[in-house]
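Next come two complexes built around subunit A: one with subunit B, the other with subunit C.
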Partner chain A sequence: MSSTNQGADGAYPLLFERSVPGRRGVLPPATTVPVAWNPERLPASLRRARAPLLPELSELDVVRHYSGLSQRNWGVDLGFYPLGSCTMKYNPKVNEAIAALPGWQRLHPYQPEQTVQGALQILFELERDLCALTGMAQATLQPSAGAQAELLGLLLIRAHHQHHDPAHAARRRQIIVPDSAHGTNPASAAAAGYEVVQVRSNDRGLVDVKHLKELVGPQTAGLMLTNPNTLGLFEEDIETIAEIIHAAGGLLYYDGANLNAIVGIVRPADMGFDIVHLNLHKTFSTPHGGGGPGAGVIAVTPPLAPFLPGPRVEYDAAKNQYHWRAAGPWTVGRLREFYGNFGVLLRAWAYIRSLGAEGLREVARTAVLNANYCRAKLQDCLEVPYADRPCKHEFVASAREVHRRTGLHAQDLAKGLLDRGFHAPTVAFPLIVEEALMCEPTETESLQTLDAFVDALQQVVHLAYTQPDELRTAPHRAPVGRLDEVLANRHLKLRWLPDPPATGPTAEGPTP
Partner chain B sequence: MAAYPQEYRYSKEHEWVKVSGNKARIGITDYAQQELGDVVFVDLPSVGDTITAGQPFAVVESVKSVSDVYAPVSGEIVAVNDHLSDSPELINQSPHDEGWICEVEMSNPAEVDELMTADEYQASVKSEAE
Partner chain C sequence: MSYLPHTASERERMLAALGCREIDELFTDIPPRLRCPQDLGLPPPLRENELWQLARSLADRNQDLDHLCCFRGAGAYDRFIPAAVAALANRAEFLTAYTPYQAEVSQGELQAMWEYQSLICNLTGLDVANSSMYDGASALAEAVLLATGVTGRTTVLVSEALHPEYRQVVETYGAARGVTVETLPAEQGCTRSRETASLTERKQPAAVVLQSPNFFGILEEDTRAIGEFAHAHGGLLILVVDPISLAIVASPGELGADLAVGSGQGLGSPLAFGGPYFGFLAARQEFLRRLPGRIVGETVDSQGRRGFVLALQTREQHIRREKATSNICTNHALGALAAAVYLSLLGPAGLTEVATACWRNAHYLAERLGRLRGVELLFPSAPFFQEFVLRLPGRNPEEVDQAFLRQGFLGPLPLSRLLSDPKWQDTYLVCATESRTREEIDRFIQVTQEMVA
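So, the complex of A and B:
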């Protein structure tokens, strides 16, 4: 077994492939206490026939494995990535410092209220701050992540209809989403049991109001919308859209994916939204990579508040005390145990409090300015649809012309960027723009970084016309070269299996 | 660009139909497969399912997107191209022939008349690409 971070075929070996039979990280002393554990006490159906196939490694093997991986990784702490707030903003280190304070680290969810007043105050203030920024009345911080919050938003829509018009609630089976929507919207609506109906975008890249009017009716449960939308354009007809949905008896759900563009400037409540979804890793700069934990928030107008999950924190001014208040009788119920991912919520609180109201406004203004700057500089080399007006925090360029003249795709340009020290932008999304390259620089990037990024993209486009073959096989200077995505998708390998099949332990898991 | 068989009919959602008697074989067009890129998975309908013209009945997944396949005609499915489960690339390699998706017993054969001819489809694809 190789002790380096390079396998024979050039691939990075897995922990399983580094395994050596009998090797251990820790050797505990023999116990002097009689062993009470008796597997015979478990029903046979719950017992493994074979030991699980776990890698056998020393501590140092494992440290080197992960340190090696981290050196091959790319993140915003290393350089610019144009995926923007939608993926994850830069996380200011002060948030981390605050979340690392021992008082927070040692909290236990079963502690009595009097001993966790500080934590309750954080949750209370965060809810108030997020409500102030969205114009909503109440919020729940409980959802484990954005997807769970999205599901909750839809459950609230259903609860609202069932409560106010139980006889016809079942008829309201449709959720409308724009054709530029994030894929999560139709996915969540379908998971909540709704039928998904798509409203078209018009030639200005906005919701086609005429088409929306044709789609709504007594079957409409609600509309899910981001504003600004996925093209980075502000939905100028939002008030008309809200009127149409409300007149049909439906509710308006705001997907907070693009709140970074408008935070502190305009509130979703004032646009007519009833439910606001916030993914705290987006606008509020909480960690997100590596599978979480995340934090999703759902904020609502007063009529929807009684349906929220509980408990929520309340403040008793007379006693100057914070306390838990259980959910009311109309609640849709809990989404998880306890109170949400507190460590993540704490970072969002720290972010909001360190910037203040004016600082948050400056975030939105700078994010929008940076996007417009890049877009203007890129228009010489790439088509940018809908550039007749300023964009918000992001813009979508099209490599259609490059594709027509060279056969290369937006993805090839993206791979070329990797060789120039930049992460790729989102490609092939939104689907309504051909050969899309979606760029969101965010507010944290300097003028020099933005210039360097635009230069790199211009170089790549130039390369497409002069040496297309180099891009076809890019990246050449990244830790791994061009991956065969088609092969990977057609022959899914979701877990490692020994090759050839080992005798003795296998990775088959428990045997029934 | 591949030739669009003259005897087929085409929908604006880029499906083709090959009619023989009351049966119709359905697939997606060469233009559609080019737009999708390499197909990696096809969610096939089942024999016995009823499909309705204009409604999605199958899903084609490529590296870059997931797309519904809309029924160009209505009817009951009598055969499904099981080869696509193991070899979704047939849609890319042979969209108008080996990459067929299913065969239906049409409930309203008049729907075929509303579909485009090969020439009409070719013209519409050309204008879409411009």
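So, the complex of A and C:
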């Protein structure tokens, strides 16, 4: 690491610590119009007293700063990233190259239709292909992420009940979610104004159908389910579950976080789902960007289509033209500005076009093969509950025994993996498995990578029993040592403040 | 095309390790009757060269802003983006990472987000910021929900001059939670404190929502007074702002706002037909624990060195489930990272130059257009930043669009596209950012003149 990226106390410098008063980076366009800037032309009440306090850096300072930061960050391009339920597969470079074309990047969202025919065709084809893959009738590409899609799905459920049985719609106030569900499911249900009711998992790791029967009734608005579930297990009773929910007048919502296991093999519509969300940044390979942007898509059966947000794209075959069609009168409304994360949608379109249906089916088959292979190899060193049948794209191992014998937690094993050149699996989720390590290898990882990961995890477990302190203080070979989360929450420092802090939390810089 | 690594013999070895002969044996838990047909009607797979050709040919069916000179804004702006922004933000270690759950190997992302939070606080003059929302509109909706939670009230008062799509998103998010959205009327394009006084008293809103510069480009002059009314009646002031304008315009903190939100598109995100961009959300300290989304905090590592982690996670859905402050999980971190790079490259002097160039270009354009016979400036006395509204009496929007397109311009936005009230029928929202040159502006004036002649 270059000396300029190493602060005096060994910490990586902050942008603000690199700042030199008066230094300039990139010069923006200079205008030559014969109108001068004069702050006096702004009403006094609207003038900013001082320019905002931003760092003053050269372009190279900025390049070094962020290049150095990138070297302190782990991504799929560097190595294995088996974060469960996140589907950290390879993000194809050609999709990035396509998305970088000015023909997409330099399009204003409010351009006339005739000037954006290529972009409209992408949206039209993506909706068509995602409907084909889910068995649904129509889709909206608007939601910005899975959680926003969930919110929309729940609003559709509410709209459906209000439309078909207005007298009793208010009574349908409950959304059922399994105890193994992603946290976004109950949070989205609450955001949509619903009560959350939890259905238990049975001893096979699946929805307890008997318990579900007890829970449903005229108060049930719907059930949110991911299939395969977060244990990586296919909900074998899905048809019965669908019957129970539908018989009670509820709707069945498919959380598509785990679609990678079954894409091209089973369609949510055929399982009885009414509404599906898809995370394009998972199954459809768009990069996760350090926490987004993703894209959610909501696809629905015909009766729910009138409630979708708009606009959507339609094709006029007679004129060979694509055009916008505004939402209908029953729409639940808009979820965001403009149309959706077009750049993400475009990459997903490219991915689907490159693989086709057969290629996508191979994706699912290989993802499942990889997960089962890892699981089988790890069974010697870690407990793997529910291993009486194949898992799908992911599995959950438990470090319960390690914890009982050494006091170490799953998180300590995770830190040990970081020292061995691997990102860790998802830790401490799902909540129904003690000391959970939720592992999703994805289909793009090679046999050599999987073997090396299994070796590393075996070493770490061995270390837990022989030198537990080594793990308690791990990682030792990461850019920083174990970070103190308790301190971070006890003494909140959520932003940089100038030193000395006499200028206060809303400090301003010098007058320009 | 395929991104799958296994050779046939590797696959055999893996299956052998599982005691299987076929991958299908791993799918026996799926009832055969649920299996879908082989042919799903998807187009056939393409090799990389074929995909590239197809994508290029479709991109060529668009007329992008390298071929059209843009005088359209309305929430998405044709801004200069330094080359270094994409070069740094798209580095693979950032691009192909996820939410920094393992902090020790995610220090790059975490520090960049912590610095981003600091930059947003400095820009908005507020105390705390989260590490991004999806977009400006949903950031506003979350801010409104926060206000209803804080105050225990269900009505919000929203300026008529708010971007209509923002308003629609607030309504969508609010409807589910029983929030009523009431309109604060605008007069001559501005929201006035006189109106607000009586309405806040009658409606007792959880918050008053103003946008400045507003949808019509106007800088709201009564913001401070309106905030005082809101506060006097126990409500909050939420401001929607353009981050570029904040280089020269009083910050939300200075104006008395409790929460500030906006679209970060102008800070280094390409237009990309509407997204992905990101939204920012900043607040006064007292609302910290009610903020939605990820927040990064500073801490130390085992050697006492500075480091960064996700803080206050007990607000979030993965811990709190249905009691979380929001359902947001994945945010728009990459856009926020691009914004931090953009602001670092420009610095205070550069950002001020961008803002003043917008102001100068737009004011030059407005002055010249205002002199043309057949062109009417709709709100001639209101202070504005980079956009203003024209009336072109007797012209229909389709004609105007086409006339500009023929001359190589993406002309002003016909307001009738977004606003249904007939009073907007022949009005147009014009925008001139720092990207426009004097020559382009002069040519645009000439084309307008010829059109109205």
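In this text, the second predicted complex is superposed on the first by the 461 of 512 C-alpha atoms of A that agree within 3 Å, B and C clash if a C-alpha of one lies under 4 Å from a C-alpha of the other, contacts with A are read in each partner's own complex, and residues count from 1 in each chain.
In the analysis below, contacts are C-beta pairs under 8 Å (C-beta built on N, C-alpha and C of every residue); 3 or more make two chains touch, one makes a residue touch a chain.
Nothing here was measured: the structure is a model prediction, and the numbers come from that model.
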Query: Given the touch rule stated above, what does A:Ala147 touch, subunit B (first), subunit C (second), both, or neither?
result: second
Task: Determine, under the contact definition given at the top, whether A:Gly407 touches first (subunit B), second (subunit C), both, or neither.
output: neither
- prompt: Which partner does A:Pro218 reach: the first (subunit B), the second (subunit C), both, or neither?
  reply: neither
- request: Would you sort A:Trp104 into first (subunit B), second (subunit C), both or neither based on which partner it touches?
  value: second
- prompt: More residues of subunit A in touch with subunit C or with subunit B?
  reply: C
Field: Partner chain(s) touched by A:Asn489 [first = subunit B, second = subunit C, both, neither]
entry: both
- prompt: Looking at the overlay, does A:Pro303 come into contact with subunit B only (first), subunit C only (second), both, or neither?
  reply: neither
Query: Taking the contacts subunit A makes with subunit B in one complex and with subunit C in the other, which residues are shared?
result: 427, 485, 489
Query: Hey, which residues of subunit A end up touching subunit B in the complex?
result: 409, 411, 427-428, 431, 485-486, 489-490
Of all residues in subunit B, those that touch subunit A in their complex: 37-38, 40-41, 61, 63-65, 88-89
